[in-house]
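Each chain carries a letter (A, B and C) given by its place in the written order, and its residues are counted from 1.
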């Protein structure tokens, strides 16, 4: 295995020694390539963020316009961080549910990717079928699964379950978190599979041949070659997946509405409740800002954990 | 592989080109050759779907086009609220309920319809016949004496039961049952091992879902949400008794999956013959007796909503209505649509197309006097009309209360309060907490909200 | 270009010359059957949804479940009468347009970050990711207010711009990772040959990372296609997308499973078709693999 600095600047330097102008223009060019994306992103995302931050310092109830648009400083934040009983359990729920979904989807996605990384008849069909769950709108998936599968009276699952002689289970009331996690893992496993499959297909035959010649069996090949080479793709999948799954909303909205009680109330769902039921712009904006802080902490922790093995490209 | 790449790049080019073209040609304007185009926000209930399909008749007569935005109720309310609170401009007509109208009228988000009615010619006024609208419904849609919305369809609540299952068990449902009777029926009819249940009642968290039937039970047991000083009464003896009754009824003899059961789930259970009784909105009557939607269409029996200590507030009052947004630029055209969609001729139009049983119920007294309607919907029409005539939003509790509304409390904070409390109580239904602890938690939370909103000191 | 062409050519020839791997290993059949079984199991809920679209409402929620039923096209008729086509048109434009914009902006950025990393690169990448951390629910009112102010409310252009901003971090992160995986010899050879950015991208980098590009584009299309919350709040009668359309069939006062299933089937079918087309470039043959 060769070392792999991803930068091509050193060879250029060798070739163009002394031609600093060329090097500087190379740097210029690379900044010019990067800038449009960053500028666009900054404009489109920071503007809403700034306005959200602005609202978080005010008290604005949509359905009570007579109370106006009052400045209350950090009072919303103070309430959320010290008094609100729900936000604490919302944070815990978010952590639990997100971790479970990311973990479950990753494991399943890896399994699917490994199965699909071979040549066999009808491979394209199998791949289409396995990716399909990700194509359906999350809210629709949740409605179908809630009513046609998980419903204790006329759901498919309970029909099969009771036909086998077991007791009827009210999934969404007795195992709400598990139901949400299961629905979301089903939806997100294809996402993980897509990324891991793209990574698997980057592992060349030559490496495998070499391993086989060295006498490695499939399990050793998996542990010593596949997993390490897939590591950056794992990290990519986990990081990206986590960012999306932290904001999981559709399933909870349709299937459990944060309940029973507040068992499946996650931070995004709680923010939605605040804006759509309490019609409270100030508090929901503050909660949104807190959600950013929360996500950033998680992402930073994750990056630190992963960067230890993430050698490529992040170092100059 | 070459082909698929070619296809992908070609289609991308086409899509990009179209995107640019379309983006440049921008969003539609609200006038079209001099005639305005109305935008209406509505829910997807059966009667609205029919209204949408008949809109071409309106356009043909007045030359005004109508664009529909259809959404589920909660999403619609959130979207329209966000819209009007940020300056409006999106909709001319909004579909609102009896809960929303007084609050939105107070916030000046809706226009009063009185001046528009006053401007009608005598012939037009006579044809429309404002006094034909059911009085309690008119009351529910008024604010400070002025009408702010016209009812598109109205409903109350009543008891549905499966005549076949009742006969098989040798039971007879009285026309005016009491909740205690309902409970004993449910106990006898409950057969959970056979996947058939005594009763289906909503327990899906939500002020408009679980909250509606729950409030009627609280009312009829003699309880209330707030006393005259706006102090929450969730832990008062009468209220606690009512809530305990409801929760235990659902837990013992009710449907499994109750905390996921709203109107739709219970209706499905009833229509599939999985439950013997169901107390809910009167609009279900037409659907339950429709063979394409219900497997027990011939076996459905009807009775009034159950009472207990007092008949006050035992059955609710709700009307989906059409109102004109204050920010609309086409108010006159909007008023034409409002009066067209709620006129007697519109009802006749629906009857000609889909039969009298499909006519929007609960708006006009004349509908219930119509011989053809009585024939088509006779089995339940009488109950529906009487229920609506006796559901008074200003007198729905045993003790005096400072709020209006039968199955809700007509304050803007109730969306939040009702949902919070029903969420806690859903935990009790699911068995993860007790009713009394759910109620005391709710009492604390509601007291805080009322203090913050300025009702309590 | 010649050095690069030589390298690629050499690889292709070496692949062609390699002895064919024996296909029928023991256990391969079992593995195939397992794969088919899993694929069907995973696909089953969607299949059920498609079937439900052809049932009458009374059959849709029947228990025991109805496997043989009287098929009806009423639901599809209702879906088309509800102006499915205009929502479909909107969604296609939005998903396609936003993905293309995200690619146009993101591919150069990924190139820069992968091939010219500096000590700022980790910070840039973190910042890019952080733009996705504000939950859309928290920014609903701000977005509504801003969009109304700049007259982008309820417009397709506005939604394209917004979705592109949402998908840009995905494009940058994923493509950067795939780019960084490429062997540096090929790139060095190209630079020596005097190739500029466009040439390198078009002739070398993109063909070699085609699977990654296909995966990224597909994910971006799907996210835009299925996005609900912002679509519902920022569009009205003109720019409504399919998720908004489908949700319009849900009602709190009626039976709707069959109709909703029909609408959902029609919404998902084009994406599955697009995914199937994109997949064929996920096939191994297009990539020459990376030398490790």
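The criterion applied here is as follows: a residue touches a chain if its C-beta (ideal position, glycine included) is under 8 Å from a C-beta of that chain, and two chains touch if they have at least 3 such contacts.
Bear in mind that the values here come from a model prediction, so they are computed numbers and not experimental data.
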Checklist entry - Using each chain's Cα centroid, which is most distant from the centroid of chain A? => result B
Checklist entry - Once you count every C-beta pair in contact for both, which comes out on top, A-C or A-B? => result A-C
Checklist outcome for this item: dist(centroid_CA(chain B), centroid_CA(chain C)) in Å evaluates to 38
Checklist entry - Using CA atom averages as chain centres, what separation in Å is found between chain A and chain C? => result 15
Next on the checklist: Averaging over Cα atoms per chain, report the distance between chain A and chain B in Å.
Outcome noted: 37
Next on the checklist: Which positions in chain B are in touch with at least two other chains?
Outcome noted: 74, 78, 82, 195, 268, 272, 274
Item to check | chain C residues counted as touching two or more neighbouring chains | outcome: 61-63, 140-141, 145, 247, 250, 280
Checklist entry - Taking each residue of chain A in turn, which ones touch at least two of the other chains? => result 62, 147, 151, 153-154, 275
Checklist entry - Given the complex with chain C, which residues does chain B contribute to the contact? => result 1, 4-5, 7-8, 11-12, 15-16, 18-20, 22-24, 26-28, 39, 43-46, 49, 52-53, 67-75, 78-79, 82-83, 86-87, 89-91, 195, 208-209, 262-264, 267-268, 271-272, 274, 281, 283-284, 287, 291-295
Checklist entry - For the complex, which residues does chain A have touching chain B? => result 61-67, 146-147, 150-154, 162, 168, 170, 172-174, 255-263, 273, 275-279
Checklist outcome for this item: In the complex, chain A touches chain C at residues 1-2, 4-9, 11-12, 15, 26-27, 29-31, 33-34, 36-38, 40-41, 44-49, 51-52, 55, 62, 112, 115-116, 118-122, 124-141, 143-145, 147-149, 151, 153-156, 159, 186, 189, 191, 194-195, 197-198, 201-207, 209, 229, 232-233, 236, 239-240, 243-244, 246-247, 249-250, 267-268, 271-272, 275, 281, 284-285, 287-289, 291-292, 295-296, 299-300, 303, 312-316
Item to check | List of chain C residues in touch with chain B within their complex | outcome: 56-58, 61-63, 78, 81-82, 92-93, 96-97, 100, 140-141, 144-145, 148, 153-157, 160, 232-233, 236-240, 244, 247-256, 277-278, 280-281, 283, 285-286
Checklist entry - Tell me, which parts of chain B touch chain A in their complex? => result 74, 77-78, 81-82, 85, 103, 107, 192, 195, 197, 204-206, 255-260, 265, 268-269, 272, 274, 412-413, 415-416, 419-420, 423-424, 426-427, 429-433, 453-454
